[in-house]
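The structure appears below as structure tokens.
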Amino acid sequence: MPLSPETRDKLKRVSTATLATALYKRGFRTQFIQDVKPLHPLTESMVGEAYTLRYMPAREDLNQLTVFRDPSHPQRKAVEECPPGAVLVMDSRKDPRAASAGGILVTRLMMRGVAGVVTDGGFRDAAEIATLSMPAFHSRPSAPTNLTLHQAIDINVPIGCGDAPVFPGDVVVGDNDGVIIIPAHLADEIAAEATEMTAYEDFVTERVRSGHTIRGLYPATDGANLKEFAAWRAKNGR
Amino acid sequence: MPLSPETRDKLKRVSTATLATALYKRGFRTQFIQDVKPLHPLTESMVGEAYTLRYMPAREDLNQLTVFRDPSHPQRKAVEECPPGAVLVMDSRKDPRAASAGGILVTRLMMRGVAGVVTDGGFRDAAEIATLSMPAFHSRPSAPTNLTLHQAIDINVPIGCGDAPVFPGDVVVGDNDGVIIIPAHLADEIAAEATEMTAYEDFVTERVRSGHTIRGLYPATDGANLKEFAAWRAKNGR
Amino acid sequence: MPLSPETRDKLKRVSTATLATALYKRGFRTQFIQDVKPLHPLTESMVGEAYTLRYMPAREDLNQLTVFRDPSHPQRKAVEECPPGAVLVMDSRKDPRAASAGGILVTRLMMRGVAGVVTDGGFRDAAEIATLSMPAFHSRPSAPTNLTLHQAIDINVPIGCGDAPVFPGDVVVGDNDGVIIIPAHLADEIAAEATEMTAYEDFVTERVRSGHTIRGLYPATDGANLKEFAAWRAKNGR
Amino acid sequence: MPLSPETRDKLKRVSTATLATALYKRGFRTQFIQDVKPLHPLTESMVGEAYTLRYMPAREDLNQLTVFRDPSHPQRKAVEECPPGAVLVMDSRKDPRAASAGGILVTRLMMRGVAGVVTDGGFRDAAEIATLSMPAFHSRPSAPTNLTLHQAIDINVPIGCGDAPVFPGDVVVGDNDGVIIIPAHLADEIAAEATEMTAYEDFVTERVRSGHTIRGLYPATDGANLKEFAAWRAKNGR
Amino acid sequence: MPLSPETRDKLKRVSTATLATALYKRGFRTQFIQDVKPLHPLTESMVGEAYTLRYMPAREDLNQLTVFRDPSHPQRKAVEECPPGAVLVMDSRKDPRAASAGGILVTRLMMRGVAGVVTDGGFRDAAEIATLSMPAFHSRPSAPTNLTLHQAIDINVPIGCGDAPVFPGDVVVGDNDGVIIIPAHLADEIAAEATEMTAYEDFVTERVRSGHTIRGLYPATDGANLKEFAAWRAKNGR
Amino acid sequence: MPLSPETRDKLKRVSTATLATALYKRGFRTQFIQDVKPLHPLTESMVGEAYTLRYMPAREDLNQLTVFRDPSHPQRKAVEECPPGAVLVMDSRKDPRAASAGGILVTRLMMRGVAGVVTDGGFRDAAEIATLSMPAFHSRPSAPTNLTLHQAIDINVPIGCGDAPVFPGDVVVGDNDGVIIIPAHLADEIAAEATEMTAYEDFVTERVRSGHTIRGLYPATDGANLKEFAAWRAKNGR
């Protein structure tokens, strides 16, 4: 069930807050990745299918600098093999005391057409990464090499990231609030519903900015507001 | 004992750091709300009387999305009833894993003339809130709806916020360092003293920037500095 | 073993990430100060020898505001005696609930030619400090006076800062990722090696930005890349 | 809807683990009070309706030792008015750095016939409380008087305790795993179901102790096990 | 490289503290599982090869109670397939807010001859598990079913447990201080060395208990102590 | 101002809870060492003057096992030089991930007549230490050698321990609730007052156990209770 271009487009224009509510309606409470933020502000949402990298605690004898000479080292392999359009999501066990990756690897991901990168740890060279066009999310900057604490061990297995469950192929959406994971089978339905919700929220925002009370409007318990909304949609082509 | 316009004006021009010291002199050590920050930098301090909202942990059966249809839902009621000029302070039990409020509600508070909003949790739509002129303070952005973890339960009762005690009517002051709570009965006295302190601190800063040692100057153990200060005040009309 | 101007210059042009790797190669895993960030973005790295201030938990009777009238109070003494070119590093026991210092003291440090200031607690007047040219690093802004929780007790003794060991005279380097401590006796050697590493990383970054894979390039397991690097160095004068 | 003697009796003989599963089936995931333990091991479960005490952060001027001279001080009032058979549940904001109560007050609760006491903070005189027959649950011992950090502010309002929602009248059950809160309207139904579940679990435990696999037995996907269970019930009168 | 009976026997008689020092000599600093304790005091050390279970954060739709009806559910499968003599080590992401397992499953492990069970989360039915002869280690008791927060996802892959790296087949040793992981290829060598160290430590303890200084004795910088030790070994047959 | 035998005797018979209240009356709120517990239950309070050991984060090159061969290593020196009757208090920066000391060193302290030992980290060989008659307090057991994370750096300087300020010579009192620090100059006065308070508390406890309300009794706002207390003192010789 690959992510359709239509759904990808819709998701680029909705917020993680709206998606969180749509997921909440369906009983999902833990899909938001806790405590990560974008390294630069986003103007449209990051969207892509999850491609995962799992770190475990590093054992000293297995994590000398020479391990990077092996082209099959999972971190390096993930960087070269994460599909274009996907988002690389790293399970760093919520530990930003050592880096999950740095400027060179993140640049390589960007050049390869990857849609974004997320870790519940931290990136080194954070200021450099912040200048890249590809979105990156982390907990905080962290200079030490990943080998100090993290051993890359698995590629594209189900992981946890910031206490959210992430399965390969789930749809990852990130904006300035953070990152949320949409179960793959719900992506189309959630994208459609969130698009509708966004239209109404934009209408509400416009009304509130012009002085309207939220009573009866948000949510729309007063039918008059629904009528106004219909007119607004027609007028604004939404 | 409503907040007088004079005291409000004075407080807009003093820092939370100076207020913290004035409170410390009177034995208050815990009035600073820990770990909140403004969503956009402030150029003058946020000032207003505290109007409070208390959240408790959400019980699933009482927190379906439909609860917002009830106009007496405490969160929605607080947003519509917080007095103009007041600051809405939310006790989110220091838990930013779900939102305390979002862009529409905060916009509504701004439109109603509220002076600011503070939570020891997080706001959703944080980037949008950051564009509003009304100050907002939180711990970090958080997309999930408040229903996920927080149940609004009480309006305008004494609460804790970021480990600080907040009583309705206390005077809330916020700047780029964070937010501090002045017990209502001390507001005039603290505002007056902090205004005096600020004059001296501005004098000291000017002197230090021109190369003066802090010895004898900060604090003013050398009487010569007090004389210079008197001259400075005269000259600067302070 | 004072820090030579040559080594200081080299260190200004390398990142804490590169230094962390050079230290890691020599078995150092804990030299990065955890969870501090600069109050304003840096364009070159902060460099200086460590001059330390140790705080212990404040006992109420020993920390009235009057203590600052004593010119030998360790915090004030440190601010007047930290050598020009050094970095003042404060052990605030990772507790930002009260300030480690404020705008006036940090300004005085800058005026005295100090190279920077670091605390694993927080600064008050953070927005003001952020406008100074001298780098300052902390965990988060904090308005309460240091007396609330911190008692300055020792100057220039070995300390911990953000879980890193800091000995007086160690070389402190800070950039946008944070701050790292180079043991004094290794400063020259680490600076030289990091300078070489930086040249190669700049070459790699350039290559990756033009679409090159990291395989064989980072690290340089393919000899062809080393040849290209030699040409690049010649051409770029590095 | 007072707690019936039948339901109370049933609940004394089931575990919080079994109750947690029965609640989970109905969509309740957060009713377990996190991180509290009994001061002495229990041989039957503590059961009672919740009577609550809410603490907020202490403001210094309102929390001098003299406040206890006021018989309407909420902590003292709660101790004298919590109904016999109820459980006093305290919201100490998960902060055990100062006590929630001590030996004398807990003894008074016991003498008054209260069924138990729970705080998500700590008790002072913990060793003495551990000798009482009435169950008490806390996070860890804590000698400082509650006035140091906690101000008792409300009696019998909805609270949070260890991240669980607690409404007055909810049914509180505690055993050696900790404490769980049953929404009042579900107490009879949950007690009945948990009693049935306990019978089956006891049967399973007996079988497993005699070497039986859990496959087909736990849960009972193999019908033969249900037949054996029926026989076991008949034989054991359960 | 299966664990030899000789090495197993040696390891049963040495402490995790001694093993930690032997590992430290070889550069291993993170093999101790942080913050777990035995549910009952041990009189000899638990020893066995690691068999692992990995949990990820639970997604609500995949963790209904019915999942346990599937005999291939990884938690249930691990309980039935963990080899006799091995130790089941669970990666619960250091989260004891929901159980990792309960009394019935742990009893089944014991009946199957498993050597012990470790989680960096918590067990439900902890008081019952504490009565079993098989050692069990956790962080704290936790009544909620694992489905509440943990989804069992992988069996016998490399994991983290309490920040320690655990590879299937590593040798797990537990005592009253906690649990340590010996890399498989070092088990014989570490067991031999720790046995020697233990002999010397027992000699030292005896000497210290009779009033001897530790100077020159611990470590044995005074040759006379080594001579006494030789005599002690001869006399005590060690 | 050495600790007099009379004051030492009084302090052995009062609780840390009572001492905390006596200190609170004098404005001391942070003298209780947070989050430490005795390794075995105490029947009388541990009392002694503080002799301190300060740890800083360990730098790898300075913390090889060979450092213990140096008799002036601060940890070993402290163990041999802590005066009989004193309490060795260790500042382990609240980090129990590596040990502060182990069975042999603690036994040596006991043999030398030291009154007790306290760390805000953890002890290795905790089960063995628990069998010694000398009280020991820590946060939790920890097998790794102190060299892994802690470098002993200073003896008998002012330190923090569990967020409490500890000056050499302060009086340390420990019981089953934990450990509290009495400023040296207040020891006699606090001991005397706490002895009086304890008499009244014992009277109150007796009354409450016989069914008396706490109203008017605790505190004694009803004069009749003071009269009864006077009679009780006479009868019980207190």
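Things worth noting here:
Going in written order, the chains are labelled A, B, C, D, E and F, and every chain counts its residues from 1.
By our rule, a contact is a pair of C-beta atoms (placed from the backbone, for glycine too) under 8 Å apart; a residue touches a chain by one contact, two chains touch by 3 or more.
These figures come from a predicted structure and were not determined experimentally.
Listed by label, the chains that touch chain B and also chain D number zero. Chains that touch both chain B and chain F: C, D. When the C-beta contacts at C-F and at A-B are tallied, the pair with the greater total is A-B.
Counted by residue number, the contact pairs of B-D are over half the same as those of C-F, the matching pair from C-F, A-B or D-F. Farthest chain from chain F (centres taken as the mean of C-alpha atoms): A. Here the C-alpha atoms of chain A line up with those of chain D after a rotation of 180°, rounded in steps of 5.
In terms of their C-alpha centroids, the spacing between chain A and chain F amounts to 49 Å. Rounded to a whole number, the gap between the C-alpha centres of chain B and chain C is 32 angstrom.
Between the Cα centres of chain A and chain E there is a gap of 37 Å.
Contact with two or more other chains is made by residues 29 of chain F.
Per the contact rule defined earlier, chains pair up in contact as A-B, A-C, A-E, B-C, B-D, C-F, D-E, D-F, E-F.
Those residues of chain D that touch chain B in the complex are listed here as 27-31, 56-61, 93, 151, 153-154, 157-160, 163-165, 167, 183.
Residue ranges on chain A touching chain C, taken from their complex, read 65, 68-69, 71, 76, 79-80, 97, 99, 102-105, 107-108, 111, 124-127, 140-145, 147-148.
In the complex of the two chains, the chain F residues touching chain D come out as 15-17, 19-21, 24-25, 29, 32, 34-35, 37, 41, 175-178, 180, 201, 204-205, 208-209, 211, 213-216, 218-219, 221.
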